[in-house]
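Below are two complexes that have chain A in common, paired first with chain B and then with chain C.
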Partner chain A sequence: MSDTAFAAVFYLFAALSVVPAIMIFVGRDVVHGAFWLLGTLAGFAGLYLMLGADFLGFTQILVYIGGILVLLLFGVMLTQRTPVLLGRTRAARAIPAGIATVALGLFLAKKLIGAPGMSRLSESLKVKGATEPGATRELGSLLLTDYILPFEIASVVLLAALVGAAYVARRGSGENP
Partner chain B sequence: MRGDNPPPVFETYFGLLVLLTLSAGLAAALLAVSAVLGPRRHESATLDPYECGVPSAGDLRRRTSVRYYVTAVLFILFDLEVAFLWAWAVVFHESPLENLAAMGVFIGVLGVGYAYAWAKGAFEWD
Partner chain C sequence: MTGPAGSLPLSTGRGSREATAIVYQELLNPHHAQTYTGRAYWGLFPFAALFVPVLTAGLFVAWEAVVHLTGLTRTTGEFWSVARPLLLGLGWVHVILIFITIFSMYAVWMERKVSAHMQCRTGPMEVGRIQGSIFLWKRFNFRLWPKSWSPHGWLQTLADGLKLMAKEDLIPKDADRWIFILAPIVAFTGVFISFLVIPFHGVLSSFIPADLDTGVFFFAAVTSIEAIGVIMAGWASNNKWALFGAMRAATQVVSYELPIGLAFLTAVVAAGSLRVSDIVAAQGPDYGMLAWFVFRSPFLLLAFVIYFISSLAECKRAPFDLPEAESELISGFHTEYSSMRFSIFFLAEYAAMYVVAAFAAVLFLGGWWTGIAPVDHFLADAAKSDGLLPRLAAVGIGVFAVVGKSMILVFFQMAARWTYPRARLDQVMYLCLKVFLPFGLLTLVGGTAWELWLEGGWPKALLG
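This part shows the complex of A and B:
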């Protein structure tokens, strides 16, 4: 595997992130948009993995693609009116929005490329690889030693959400309590 | 990136990349072959139920009962839990007893919520 292959895979994932994102805004069907989002999220997961952020990458797949996207589709199924087409954006709005987007993109790209951290990142990718998979291991041991309290508190947060969901469920079917 | 020194990320995920490429390629190839070779005849019988099917009724895009949403939320919560379980499982062997206890508390707290949801009937349809 050479530089070229690395670059090729990078551009593949980059395209996978950007093209569906554009399709979401161009398309008018909410459900199609949700499925396009799958591509964007997957592309980002690939980019995370290429940067050696294995936990982030796989959590992205597990939680965002596996969970949030399903929730989103559920949301559409539960609320949609037929037909589920969004109104087309008028050119009067699309043109200023497009200009603002491009300007913001250029600004961010300029800042990112010039940032001192970027050269360090590419250096570390070159030498030992931030790509050395092991973020999960480090995260796991930190969670179970130094950050054991936040780890356990996270379960309390999830508990609160569970209880909330159960409460809403009960009230939702309030006809026969 | 030096050409003679492959980035380690490729060694780790090369199999995954091959799998993704093959499955995407296979899906695309099957769709393409079907589109090219498949016969296109639209007759009155084309959309009829085949053999043991039943005629479809109603609109495809109707609203679904909001109760599914609770199921979805519960799913997300346990999906998130898996992320924690994963990080935990990777380092479990480093000190098994302590880690077991730590995850025991974590799961225990969630278990309370699970029991509560169960008792409140979040898993029941009626």
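This part shows the complex of A and C:
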């Protein structure tokens, strides 16, 4: 892909992930926020795909869009039917919040502008080796050889969370534990 | 106040169980009148907008098809290296769109005919009647077809579709307008992009929109996007039935992803790859039908059964059509939808039927292999030959095999719909979490052990 096309696609996905993120905290409706999240998550998945990390990108779709977002919407809809309007921040809180935001923004902007490769976007984004075919196969074999211990620990932790959730959610757990 | 059900008195400070009870009380309040805004014939506009890109991309796709068949060398150059992927992508989009449209049209017709014949009726018979015939031999009154002949209502869906397009486009006044409008688009997009990894054939080279490294994983990931569209529809409609339908859809679709994922993994373990074309390549051309994954091990057979039944739940088909249960919820999440917006939900549903059937055909039923060993060998040889005729024949057979197998599975989806009564929600969840999930784990572990025991499958081990 030529550099201009690459940059165009990058800015498309960047806008897709940033604009909804802004809308989430500008907007006052919780359910709308949850729907805006769809755009942010999809934009991030697109960025991962662009970097050649297809497995990561599809995991983003599977876990965040297909799982977490659906459950989030489910929870929001089940508990609160009226649009839950978030109260406006009071002026007394706005001043320290504004100072903190501007300071953080300046700090990040300084770091980002000084970073190498900001001018040559496509080169800095093309991670060596990640775009070659067979990256997923490599990932799989690494997970089951070199990184087998962290992989297994993570799966045991997840299993423990699953068992715990089933215990908490089982029928009548509130009355006779 | 804008937004759905703005009048509901619900404070946010309650415990969730109490709040849920109040939500249900309010939802069941019969004094929930709905008013609508709408414009006639607006449904026509999105349809008309399709034509220009269809024509431009269609020409390019025709050219690429010629190149694909004849094996001509492609034109190269700076311009084409950028333009080809773009045009090809656009072309594939339109191939899939046209395929979905034609398939849905005839699937709806087929569904009506199947249901009719299962209930000793005839179904649509009249639309598309042909008056007049062509004489082959006038003296003996010998005609090509009867003088007044109706080929079993073959244009019924076209008539229905035209009616839907011409209908008024209604949006409830209290609906969340933008989410209401976006919902069918999101639902359709979710199904549409899962077509990316569905092969039409793979005989000469993989004729798949995108033969991804992680095709199966991609498919598992994107099928859940449709659920978000359904939730959006249910929430934005400002209708209690729609909301109930959306909640049911969310529960059901998220749960059934687990057994589907386990069934996929069993097939992936047998093939040793997540790429769709590799999985099909592992099912032929030797040993004919015995090489198909359904017959490779008892565990894969079980995985196929689990996948087929779970896919009914995933695309909300009866007996798992709780999200739109007509007898309880009017028509569930699309109660408030009419005109073209309603038909886009309908298109999404029928496209989802084809997609899951085609994926079952690819993963378990040998994809583009016909299951007849000599024919499969011919397919494998034709890929290497230069003659136009064998290449053309091979492509024809490949497309016929993939689409034919998928259509047979679609027929079984329809037959199941008109055979079984609708399951209750707790029965649906019981089937998923307490039957399919343990058995899915069994197929994964058992299938892996089987592959380690009989490397390369039993036909190779037994028949040599």
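By definition in this document, the second predicted complex is superposed on the first by the 125 of 177 C-alpha atoms of A that agree within 3 Å, B and C clash if a C-alpha of one lies under 4 Å from a C-alpha of the other, contacts with A are read in each partner's own complex, and residues count from 1 in each chain.
Everything below uses one rule, namely that contacts are C-beta pairs under 8 Å (C-beta built on N, C-alpha and C of every residue); 3 or more make two chains touch, one makes a residue touch a chain.
Remember, it's a predicted structure, so these values are computed and weren't measured experimentally.
Of the two partner chains placed around the shared chain by superposition, chain B is the only one that A:Phe6 touches, whereas chain C remains out of contact. Look at A:Leu144: by the touch rule set out above, it reaches chain B but stays clear of chain C. Touch criterion met: A:Thr59 reaches chain B and chain C at once.
Of the two partner chains, both chain B and chain C are touched by A:Thr136. Considering which of chain B and chain C touches more of chain A, the answer is B. In the superposition on chain A, A:Phe74 makes contact with both chain B and chain C. Of the two partner chains, chain C is the only one that A:Leu38 touches; chain B does not reach it. Of the two partner chains placed by superposition, only chain B is touched by A:Ala154; chain C is not.
Once the two complexes are laid over each other on the shared chain, residue contacts for A:Ala165 go to chain B alone; chain C is not touched.
Counting contacts by the rule stated earlier, residues 1-2, 5, 55, 58-59, 62, 66-67, 70-71, 74, 77-80, 82-84, 133, 136-137 of chain A appear in both its interface with chain B and its interface with chain C. In the complex of the two chains, the chain A residues touching chain B come out as 1-3, 5-6, 9, 49-50, 52, 55, 58-59, 62-63, 66-68, 70-71, 74-75, 77-80, 82-84, 125-126, 128-129, 131-133, 136-137, 139-141, 143-144, 148, 151-152, 154-156, 158-163, 165-170, 172-173, 176. The residues of chain B lying in touch with chain A in their complex are 1-3, 6-10, 12-14, 17, 59, 61-70, 72-77, 79-84, 86-91, 94-95, 98-99, 102, 105-107, 109-110, 112-114, 116-117, 120-122, 126. Chain C makes touch with chain A in their complex at residues 3-6, 8, 10, 12, 16, 19-20, 23, 26-27, 81-82, 85, 176, 179, 186, 212-214, 217-218, 220-225, 227-228, 231-232, 234-235, 243, 246-247, 250-251, 253-254, 257, 274. By the touch criterion stated above, chain A contacts chain C in their complex at residues 1-2, 5, 29, 31-32, 35, 38, 54-55, 58-59, 61-62, 65-67, 69-71, 73-74, 77-84, 133-137.
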